[in-house]
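As written, the chain order gives the labels A, B and C, with residue 1 at the start of each chain.
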Amino acid sequence: MDTKPSSTTLLALSSFLLLFFLANSQPSHDQHHNYPRKPRPQRRAIPKPCKELVFYFHDIIYNGKNSRNATAAIVGAPAWGNRTILAGQNHFGDVVVFDDPITLDNNLHAPAVGRAQGMYVYDKKEVFTAWLGFSFVFNSTEHVGTLTFAGADPLMNKTRDVSVVGGTGDFFMARGIATLMTDAFEGEVYFRLRVDIKLYECWW
Amino acid sequence: MDTKPSSTTLLALSSFLLLFFLANSQPSHDQHHNYPRKPRPQRRAIPKPCKELVFYFHDIIYNGKNSRNATAAIVGAPAWGNRTILAGQNHFGDVVVFDDPITLDNNLHAPAVGRAQGMYVYDKKEVFTAWLGFSFVFNSTEHVGTLTFAGADPLMNKTRDVSVVGGTGDFFMARGIATLMTDAFEGEVYFRLRVDIKLYECWW
Amino acid sequence: MDTKPSSTTLLALSSFLLLFFLANSQPSHDQHHNYPRKPRPQRRAIPKPCKELVFYFHDIIYNGKNSRNATAAIVGAPAWGNRTILAGQNHFGDVVVFDDPITLDNNLHAPAVGRAQGMYVYDKKEVFTAWLGFSFVFNSTEHVGTLTFAGADPLMNKTRDVSVVGGTGDFFMARGIATLMTDAFEGEVYFRLRVDIKLYECWW
């Protein structure tokens, strides 16, 4: 038997390469040029993240007595509210500004690896729920850079997903999903949040 | 004539494959590694969306008398304003928090398929214009998940585009453009907005 | 010597094409389907932007006396603050709404090519730092469309990066990084910011 490939074999291989390339290029093409996609079956496979991170952050709301420790303050309130007690009707209308320490575990006094900075508004009368806009500002041996988050936080749910809309530094151009969980709270002053960050777009 | 391809033909085909691949890989390469693009001609073809959705949402601003129906409240105002009447100077400086029902048609009393939650600030003295940050929180038989929006809303324009900056659940990692239209309003209390959502990045 | 390529050469070429294609397709594949990436070496090459823009914008905060010129107003403040003087403790808790002219050079009186519209919150007690959400609304011969920004602004730093989270019109679907620099300020009333915008996702 001849060990050399025939010309026909080569043609087949080349054709295979062509088909292979076309088949593989399709998803990329769709992604960028947006030809309509066929609906996928109901049970979708969640893609694997390109980076996963878990942090805790700690929100201590100013209540008129804790100015030394407070990391958050009510700065806007509806006509029926004030700025030292969260408003009635599930805090509807309260605007809170925060600068909370980020820790690697659930200990408030662990060394902070960064700060969670931004705002939330309680946006519903009937139930506790908020809209969040904030950034994680990292400045540790591990990470330097920021991640910016936005989304709805129906905070009575065990877990709730917000969007990671951008990043800088180590998180250059990142996008993803952050799952928030209320890990602990004390009255209406201390809230500890756990956040599981899954990035699905990583540039490096 | 010989039906078998000559070696020369094969070389040509292989070269074609190489060129074809290089030509096709270029857009994808550009997209990710960002070599500068050549300017395109003025009239650009708008890409086809990977998903299109139309909704209405209904904003009833608290005016001191309608607390039962109100879905929005003024929570911040400049020094010259207050929180039960929208400020003068085109409401410049008013911060409004909302939790509005989303419907499939323009009827306020149609079953809500979700809630539009977030905030807007009137940001200009000379003319009505606002900056928006909000999410659609869907919880219907049709959709479960969120879409998050941000952008300027020059609300005296017939249509204005804001960015869809992220999504979760059924709208996992989505991006796109939302076109807002004031569909109806009554005085300075009720506003009905139509929103045409066009997603250009769909993960499923 | 025979000038025609041997079959072996052709096979090698085809194999090369296959390998070449696989190697090149990997980044695109990673980007979209998110297989985990290998960590890159510490010194990363910053990708080349697909578009670069430089602008100045001018923030004149209302101080109770300058209502004719002011482009920004304090609209939220913590319990210890008010809305005509920025609060103590590094303005922690102040919410500022703005509509600032954008110019091509550092001259406040140069023709505006658009408006910077949105809000910032001073979010830290110990040092000046803010969280920003705003859009550039362009309407000039050069550009029509918007860019939307979000992120932390540790404004005592010489430069600070925020995320470009979306765009419309000429900046359809754009993403990138904006570097803010305080170019000049007068007291606590006038701030001139220089912003270097680098887009890394351009759709046209």
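By our rule, contacts are C-beta pairs under 8 Å (C-beta built on N, C-alpha and C of every residue); 3 or more make two chains touch, one makes a residue touch a chain.
Chains and their UniProt names: A, B, C = Dirigent protein.
Computed from a prediction, not measured in an experiment: that's the story for all the values here.
The angle of the rotation carrying chain B onto chain C, fitted on C-alpha atoms and rounded to the nearest 5, is 120°. At the interface between chain A and chain B, under half of the residue numbers appear on both sides, which makes the contact a different-residue one. With each centre defined as the average position of its C-alpha atoms, the distance from chain A to chain B rounds to 19 Å.
Annotation for chain B: residues 7, 10, 14, 17, 21, 25, 28, 31, 47, 75-76, 95, 133, 150, 165, 200-201 touch two or more other chains.
Across the complex, chain A is touched by residues 7-8, 10-11, 14, 17-18, 21, 25, 28-37, 40, 44, 46-47, 75-79, 92-95, 121-125, 129, 131, 133, 150-152, 154, 161-165, 175-177, 200-201, 203 of chain C. Taken together, the chain A residues at the contact with chain C in this complex read 4-7, 10, 13-14, 17, 20-21, 24-25, 27-28, 31-32, 47-50, 62, 64, 70, 73-76, 82-84, 95, 97-99, 115, 117-119, 133-135, 137, 146, 148, 150, 165-169, 172-173, 200-204.
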